[in-house]
Amino acid sequence: MQLEEKEVLIIGGGISGITVALELAQSGIPSTLIEREPSLGGLSASFCCKASESCNKCFACVVDKRISEIHQRQDISIMTQTEVMGVKGNGGKHRVSLKKGKERIDLKASAVVIAAGINPFDASQKVEYGYGRFKNVITAKDLDEMLRYHGALFRPSDGKLPKTITFFQCVGSRDESIGNLYCSQVCCAYALRLIKAIRYQYPEVKATFLYMDIQPAGASFQQFLTSCREDKGIRLIRSLPSKVYHSPLSDTLRVRFTDPERGEVVEDSFDLIVLSIGMVLSKEAKHLTELFGLNLTEDGFIASPPPQTGVFVTGACSGPKDIDRSILHAKSAAFLVQQHLRGRS
Amino acid sequence: MSAFDPKIVAFCCDQSGYPAADMAGTLKLKLPKNVEIVRVPCAGRIETIYLLKALEKGADGVLVFACYEENCQFLRGNLRAKGRLSYAHRMLEKIGLEKERIEICHLATNSGAKWVETLRRKSEQLKKMGPNPGKL
Amino acid sequence: MPRIGIFIDTLQGSIPASFQEKISDYVKKLPEIAFCLEEENLASSEALSRMGKRLEAGGLDGIVIIGGSPKLYETSFQKLRHPLPLNPYLFAVANIREQALWLMLEEEAALERAKTIISKTIRAVSHSKPIETQSLPLKPDVLILGGGITGISIAQELAKAGIHVFLVEKGTHLGGKALELHRFYNRPLEVRKWMDEKISVVKNNPQITLLTQTELKRLEGHLGRFQAKIQGPDRTETVLAVSAIVAATGYASQRETKGIYRHKRVIVFPEMEKLLSETKGPSLLWDGKKIEMVTYLLDGVNEDIKVDSINAVKQALILQEAFQCQVAILCKDVKVAADGMERLYRKAREKGVLFFKYEEPPKLSIVNGQIQVDVKDTAAIQKREQWPVSILSDFVVVSEAFVPTPETESLSGLLKIHLGNRGFLMEDNPQLLRVRSNRRGIFVAGACRFPQEVSESLIEARAVTQEVTALLSKGTYTYDLAVAEVDPKKCAVCYTCPRLCPHSAITVEKYGEKNVYITSGTGQETKWGAAKVDPASCYGCGICVAECPAKAITLQHLTDAQIYAQMGMME
Amino acid sequence: MIKAEQKPIDEILKYLNPYNKILLSGCGACVTVCHAGGEKEVELLASGLRMARQKIGKKIEVLEITPARQCEPEFALEMSETIEKVEAVLSISCGVGVQTLVRHFPKIPIFPGVNTSFLGETITHGVWEERCQACGNCVLEKTGGICPISRCAKQLLNGPCGGSSKGKCEIKKEADCAWQLIYDRLKALNQLYKMEEIIPAKRWGVESRDSGLRRIIREDLKV
């Protein structure tokens, strides 16, 4: 089963790209991994640990481990701050021209893996929630970074600990008004995990979770959800808020939503609002689909081309995925790449 | 004589504590001066005797940085460490030493801030407690 | 006095020159030092080759690298075995960047800290000893347990990769639970046809030895040398020698059989699926009467499993479109976290499928031979007192509970792999990346880990195939002897370590040297053994070392002496 | 085998109070297996003793040794050189080991460091249960292999008593009723007739524990 050394180009240094590269290296296939940003890890590298008294299975630590693992390997060449400029050829004989700073590099690749990832939904599009206008309306990504780098929860406006915090689910997902007719599949789990982690670190903080439907994730989710439901400091309310107002005097945010218990519209005040933003395909990934002549799915993610094209799509850019499933999909993509290369030799 | 600066031996699991320490360094967070970092492959490698020997040979406190429960690379190393700590705690109580001198802290690779925070807190706590009277 | 060579890595200037000079001055005064060299980027290949040249002179007991985190260097020296003329385990790293320079407020304190770290590292490395590498031949033979969709797919893909597969199924035929499905929710195929094709490929592939009505009875050995004793249909036993094992034994379903659940109009998903596949006409008939109202009752037993929700929406659409039935779906949450599900859900709503979200379990009762379902709909924008709704249905489709197969527990014992909280195999520890088990060479895939949708199982199957081929493709498994080792003379055979080894790498084996008793008259040796660690299966975590009451186990690359050196207290 | 449990260290400290140099001796057999007196336990206890004495400003020197089996005279005698150097010995082997040392070292105080608990079986790692009281006259043949002496709180030979309820003992609620176990097992073996057989009362004072020092003499083996 000896394979000839053939270049595999992996576009995107997030967890999916990293996993593909590591898996291929395990099978003895060297690859080149390119990443637009100065460091590897992509979106998931900014996530914080969401454990409470025990691990809540968010997989964020796995990303950090994989990043340090890939840096230790010498059979994977990593090029950061590198972008794809053009593509020639097809059917597994691709010539890809890359740009790293001012440098131009041409690369021959027998297989190209696109793991370009996604962008978090731009929350300012939901004007009614006031992201970008009110300091204390933040996205879950902002919260993740706050907890990861500062290890503490605080209100952006005054640096104080918020006593009440609310999560708005489905921001940018399952939303006809912005045309995103898909579930981002990760937000329920990450928001609840964040709530749990915050409640563990700051038992005095009360959390509210405004949602449509709770989407399960993984084998231990039931147990986790039950523990959320039993927690007196967490209110789970099936209702999506309609609008956020800011009261400048008390610096709190008033939220208008339908209370399903009372069957009427109510208002409640919170110190901090977290928008659980979904996933959208990034502009750069869209550009790649044009370069490689790929199609988009109905939901606006990249559709997988047939394997004989030598182009493989994996990770969240092929449809919303959490870290766990991204790793799994990347492994299966690595297998397809291997099969493709074997078929050609 | 200068103010009492407690010496802490920090056992760091290579799967969480040690990378967290590296991350703390990268974030340029500041650590109490007198901390000895011991790198172990897994908290399950830390024997009870190391905890006691650390105190006996001059440490004022011991911290074990282990992975969160259900997140051990080796499945149960963190639980074994927890069990061994409870043995050490029992012994310390019986010989009249504060059991708070030995503590376990669960964290993950990406918990640099928590790592430093825990050590700072421990250092303050030990300052109040005073030097370990059991050290030789 | 050991002779230690020192390399100071300034990491492209991230250790400032002034600091580095002070360090050099300190180091050069230490008695153990053979030489002290400076590099700008030690991990670069040029620096490594310079280092190689310097080491060729020999006469060193160890090398200390003063620089950044050991994680930057270790693998380049150890796992990849950069051709350096010194054993990689004689290297140690003094991490003065992350752990002194960056963690300290003042430079003075950082310098003091760096000095301590360096002297500790020098002492630790003088206790190190070279550790050799071994390799284990791996034949391309794999055992797959379970002939469901996951097992079949893995067998098919592995066979393509040139690996011989024993596919063991305890039932009489392949296919498993997938055969209960009629259609997929996300692809326009008939499951049966699609499965039949796959099954015939598996049956006709010479690389696949298919063994139906066969069960695993006993497993011995470790990675690369598993000896699996299986029992066939006529109780014949065979021993298969395989390199790796995949467990894909699926799940079982359990139907509620009490009270009204016995009623013939209360059915489960597979029954509805069958009814839909068998009915050709324009309407669905039951006892000669047209079915007009079907209610789905979800989340009673499998609240966190998406499959039922997906199947309910899928069936509801067929019922509404092809058979003009009215469908109501009662659930706690509509699970749309699957590709394309949100659109399917919206389509169902547009076609008139009713969705009710309840908190209290709905009540079922029999009214005029039909089933009345009373539910309190919490999702509607109305006051609490307006919540109750009654639905009179011809059929109520309820979920079956998805449970581990009855053999799961004994299988976990045979394979020595872990059971999760809910009794499925392994479940989820993030560090195992889903498909690995706690034992090297054994993988877990599909619904025996957790019940899931077919397309998810297929992805998981491919991921397992990737893992297995990556393991077997090189023909050998190469590993360092940086593992735990038992001293048989000290072993008290207390079985502590085999019980506690998280990777089931320890067995009690027979040793000739210790406690040999000859049974009188027979001349046969019955030996009292000692624990033995299989080095290829050991991950080097050290749990057994710390737990052994007789101090009989040593972790080769991290001995007590090395730990005490790190603690700054030498005996 | 023999199961033991470490004595609380404060109790040990009390009787070691007069001594400043001791030998702490473990045993490589039964007490190692039940994690009460092996080499590792010796280390731990020694460290604890040193710290405790340091704390009260009365240093103690602790030498450590763990022979393969302390209950054999030869192993005990091997320790004599070390024992001569100390003021007292703390033995964390079973009571037998302690007394082996006592027999051979008449002039040195020897203290026990563990409570020898019972003859028992390992249930799982860290859980041990009594199985035998060494009554000297085994009845297991009659009781389906389950010992009523060690496992029945009342040591009934023809049980169960009236307190057996839902298979549990009335004295120790969490323990299984031994006679329920005996019944179940005999039933499974199809030997329920054995229940009808009366087991005569044990003559504790004649052939068993209460008859004074018990001794086994094998004339054929004696040298």
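All chains are identified by letter, namely A, B, C and D, in their written order; residue positions are counted from 1 within each chain.
Going forward, a contact is a pair of C-beta atoms (placed from the backbone, for glycine too) under 8 Å apart; a residue touches a chain by one contact, two chains touch by 3 or more.
Keep in mind that what you see is a predicted model, and the values were worked out from it rather than measured.
Asks: Identify the chains adjacent to both subunit A and subunit C in the sense defined at the top.
Replies: Touching subunit A and subunit C alike, sorted by label: B.
Asks: If you check the contacts of subunit C and subunit D, which chains show up for both?
Replies: Neighbours common to subunit C and subunit D are B.
Asks: What pair of chains is linked by the most C-beta contacts?
Replies: By contact count, the leading interface is A-C.
Asks: Counting only C-alpha atoms to place each centre, which chain is farthest from subunit D?
Replies: A
Asks: What chain is most central when centres are computed from CA atoms?
Replies: C
Asks: In angstrom, rounded to a whole number, how far apart do the mean CA points of subunit A and subunit B lie?
Replies: Spacing between the chain centres: roughly 34 Å.
Asks: So how far apart, in whole Å, are subunit A and subunit D when each is placed at the average of its C-alpha atoms?
Replies: From the centre of subunit A to the centre of subunit D is 59 Å.
Asks: Where the CA atoms of subunit B average out and where those of subunit C average out, how many Å apart are those spots?
Replies: Roughly 30 Å separates the two chain centres.
Asks: Could you please state the distance in Å, as a whole number, between where the Cα atoms of subunit B are centred and where those of subunit D are centred?
Replies: 36
Asks: Of all the residues in subunit D, which ones touch at least 2 other chains?
Replies: 40, 43
Asks: Where in subunit C do residues touch two or more other chains at once?
Replies: As it turns out, subunit C has residues touching two or more other chains at 71, 430-431, 500.
Asks: Enumerate the residues of subunit B that touch no fewer than two other chains.
Replies: 15, 19, 47-48, 53, 70-71
Asks: Drawing the touching chains as a network, do you get a line, a ring, a star, a complete graph or other?
Replies: The chain contacts form none of line, ring, star or complete graph.
Asks: Judged by the touch rule stated earlier, which pairs of chains are there in contact?
Replies: A-B, A-C, B-C, B-D, C-D
Asks: So in the complex, which bits of subunit C are touching subunit D?
Replies: It comes out as residues 490, 492-496, 499-500, 548-551.
Asks: Quick one: which bits of subunit B touch subunit A in the complex? Just the residue numbers, please.
Replies: Against subunit A, the touching part of subunit B is residues 15-16, 19, 27, 67-71, 106-114, 117.
Asks: Could you list, by residue number, the parts of subunit C that touch subunit B in their complex?
Replies: Per the stated touch rule, the residues are 69-71, 95, 97-99, 101-105, 109, 112-113, 116, 120, 418, 429-431, 438, 500, 502-503, 539-543, 545-547, 555, 558, 560, 563-564, 566-569.
Asks: In the complex, go through subunit D and note every residue touching subunit C.
Replies: 28-29, 32-35, 38-41, 43, 122, 124-125
Asks: Which subunit B residues qualify as touching subunit C in the complex?
Replies: 9, 15, 19, 21-22, 24-26, 28-31, 33, 36-42, 44-48, 50, 53-54, 57-59, 70-77, 80, 84, 116
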